[in-house]
């Protein structure tokens, strides 16, 4: 029982991170129907920038409490990622809005490669380690070990998702975003500045990605130029699982994928009598994704994309 | 003519290592032509194409290496590998028929990873693939008792196996080009083009879209499997790390860069993306010779340049270096109708 | 029209390359003996690759300074350094390049994944290959009489680790994690065999990959089997976070690893949780090598700090030249006939080969993190 509880905790923490990154994919897809492959890399840049700032701060002011140092890192990483996402959209995606659908997908892959290699040139190929400045307080609930950091990650993720939901459902900008997602042309006719709405979507997604990036690197204690790619892929799968374009779906998809992975790695060997082991963890996740797509192509909660023919 | 003497030009001008590069160029041309059938002709974005290459390579290794003690001749093994890959193409295609462009991309990507992960792990409980250690001592191609595995000594000159493989690969590549060109102008090719442009309209015109899509997957996969078998025989050693996601993306880059749907463009893309990294190596040698150390690592630069090239191509020459006539027309068109058509080019949603 | 354009571009390309290539060909007299050295000189392993090349270069320079005479003729050695980018495909291309250039032997490659495909080309060309650092068992198990290495292989290291775990560390219930790379899986399997043979019980065998950062699921599942030792076959980027996550999950088992963990980066990534982790490294610590301190002095005067395998590359060149002297020729076939008889006192220890081409004098040293530093525990011969 305690093992199962621990696996649930592992999965929920991992899932919250997936969910946060998935939000960025889902928002962009909802409006532009574009898989922003570079989103995972934005998360990575967020982590790298924050780590650099944290390293400097921890060196200059060693007496500062760790939480404040990390907060400082986040505060620099957010605008950096926002600027980056704004630039990516403007240079690589906007000119292609009327091009065939494959075109922006390919630039997205290109931008992703560029960001990875730039990060490698700037921060090197080695894994960068996160200084040990956060408290490592632990609790035991139902025999599962839970750290303060894990609780903070889950709570922060839920808060951000609630804020985003409010933004989309209750504000003018949110209404403009929903209108643009329904039909770009009609929204434009109604006086919505579509370009600005699209930019805003990218920027908000990037800010969330920056926070997610810092969470990942603080949780695992490292950052690396390659970390964004797999994270992005998993997060995108999570978004599809929940129903892309749907914010609640991204949340559900992220948490589900995290739990499925943890339970898969933990129990797949027992279920298959030792034939398949934890080396098939990713296969398990992909099979779930394919299964959902085949039997429920619009995801668990359904997509919110206007179905233009 | 030029193609016939090319290895000698390269071999004597630059050394036999460049003949080996040429061999790889031909393998990638084969792969690019195969992927072009799926992506360029039928408009189905496949990000896991390298899985078929892997299947062809592994089947060759199973049937012609000491692993199972089987040593079947290559003319039997190659078609089997191509068939196995084609079968998996259908297996992948069948459940994904209802998916539209972007979802298809992510499912094919997952498929590619699944195949690689299985190859990497199937050394237990039963040792099928030898896991991450890879499979070794794969039989070289041998025709009428003449083995490609040994260098040939004639007239006081030594020709390494790369020369024989060049002609073998060239023969298959020419065959593939011929098949691809014939397909393009056939009933099937026109049906694919119709599905690519507008699936609903294609179905309304009486095209069996399900069978046609499956056929595209199967044809593309067959070429991939063929190339994989040739690769296994040529290299003599295969391991799962040769079949990762980046290889899939590399092949996709080739056809995008060259000109999707257009065979000469696809060939050009494959040649460029295989030769440029090799040429970049001289950049490193040059720096070592002049500066004594490597200031800018060409390996670092290579991927960065690929990324920049991908973005720049899409922005400034979205139809590729050598675009197909039809694509060129569409991109040149100014009026609204053509623009509308473009927007739907890859939109195969119901 | 298109095809003629294409043909034209191919012609111009070929011409351009031929012209560019002309400058590379240098005629050399018959009294120069060319030896190849291959390692990644670009990419993430640049520093280790350069280290190998420098080790070989030091030996070549020393031998040239002393003067070498073969078959009554004074000869000098020339080292051709090539970059394989740690990639199997590139490795075969540079191997072919070296064979073209007429090398009589190759010192390399650095990695097993490149040494294996390249060994086929050297075998076809009939020239000896001595790897300073490839440790995969398969490298010398292909039946090529051209493939040699001067370092203990994964089987020897895994065996030493397995015996150490059950014998010295008195581990009864052992869990194994491997990263599904050729290195990690090979080492873990050899460890498992040796640990079982020594009477240890394997309670779990879990898997991860070389890009993973989250191990909580497999560690939790391992925790349920209450092992007293966890062996990890893999590298530091995974080992570091794994040590951390073990602590935060409340696992008290010891972590044991191979040479993939035995480095400074592991300690950086694991932080305080590195304390008490034990890892091995093939060979002796440089200061315990018979000629170690003297070698370190000579090497550092020329190239700066030693990374890892330089002494092995150095010994590989000496073993090769030793065989040449006995053959009184640099002809590959004659050198190959003499290589199996090698019996040399190198800086890294005695250099002797068995029938397969593996070294018989391979030692494995175990280190433990104490006070934030890797401290030598003991050396197993």
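Note that the chains are named A, B and C in the order they appear, and that numbering of residues resets to 1 at the start of each chain.
The working rule: contacts are C-beta pairs under 8 Å (C-beta built on N, C-alpha and C of every residue); 3 or more make two chains touch, one makes a residue touch a chain.
Since this is a predicted model, take the numbers as computed values, not measurements.
Between the interfaces B-C and A-C, more contacting C-beta pairs are found at B-C. Using CA-based centroids throughout, the chain positioned farthest away from subunit C is A. A straight line joining the Cα centres of subunit B and subunit C is 32 Å long. Separating the centre of subunit A from that of subunit C, both taken as means of CA atoms, is a distance of 38 Å. Residue numbers of subunit A whose C-beta contacts span two or more other chains: 277, 279, 282. Counting only residues that touch two or more partner chains, subunit C has 43, 180, 207.
Looking at subunit B, residues 120-121, 300 sit in touch with two or more other chains.
By the touch criterion given at the top, residues 3, 6-7, 10-11, 13-14, 125-127, 129, 132, 136, 138, 145, 147, 216, 220-222, 224, 226-227, 230, 261-267, 269, 277-279, 281-282 of subunit A touch subunit C in their complex.
The residues of subunit B lying in touch with subunit C in their complex are 2, 6, 9-10, 13-21, 24, 120-121, 123, 131-134, 136-137, 149-151, 160-162, 235-237, 239, 241-242, 262, 264, 267-268, 271, 275, 278-279, 281-282, 284, 288, 294, 297-300, 322. Residues 2-3, 5-7, 9-11, 13-14, 17-18, 20-22, 24, 41-43, 46, 83, 85, 88-89, 92-94, 96-97, 99-101, 113, 116-117, 120-121, 124-125, 136, 138, 142-143, 180-182, 184-186, 207 of subunit C are the ones touching subunit B in the complex.
Put simply, subunit B touches subunit A in their complex at residues 39, 45, 95-96, 98-99, 101-103, 105-107, 109-111, 113-114, 117-118, 120-121, 125, 200, 249, 252-253, 256, 260, 300, 303-304, 306-311, 313-315, 318, 339, 342-343, 345-347, 349. For subunit C in complex with subunit A, the residues that touch the partner chain are 43-44, 180, 205-209, 211, 213-214, 216-218, 220-221, 223-224, 236-237, 240-241, 244, 248-250, 265, 268-269, 271-272.
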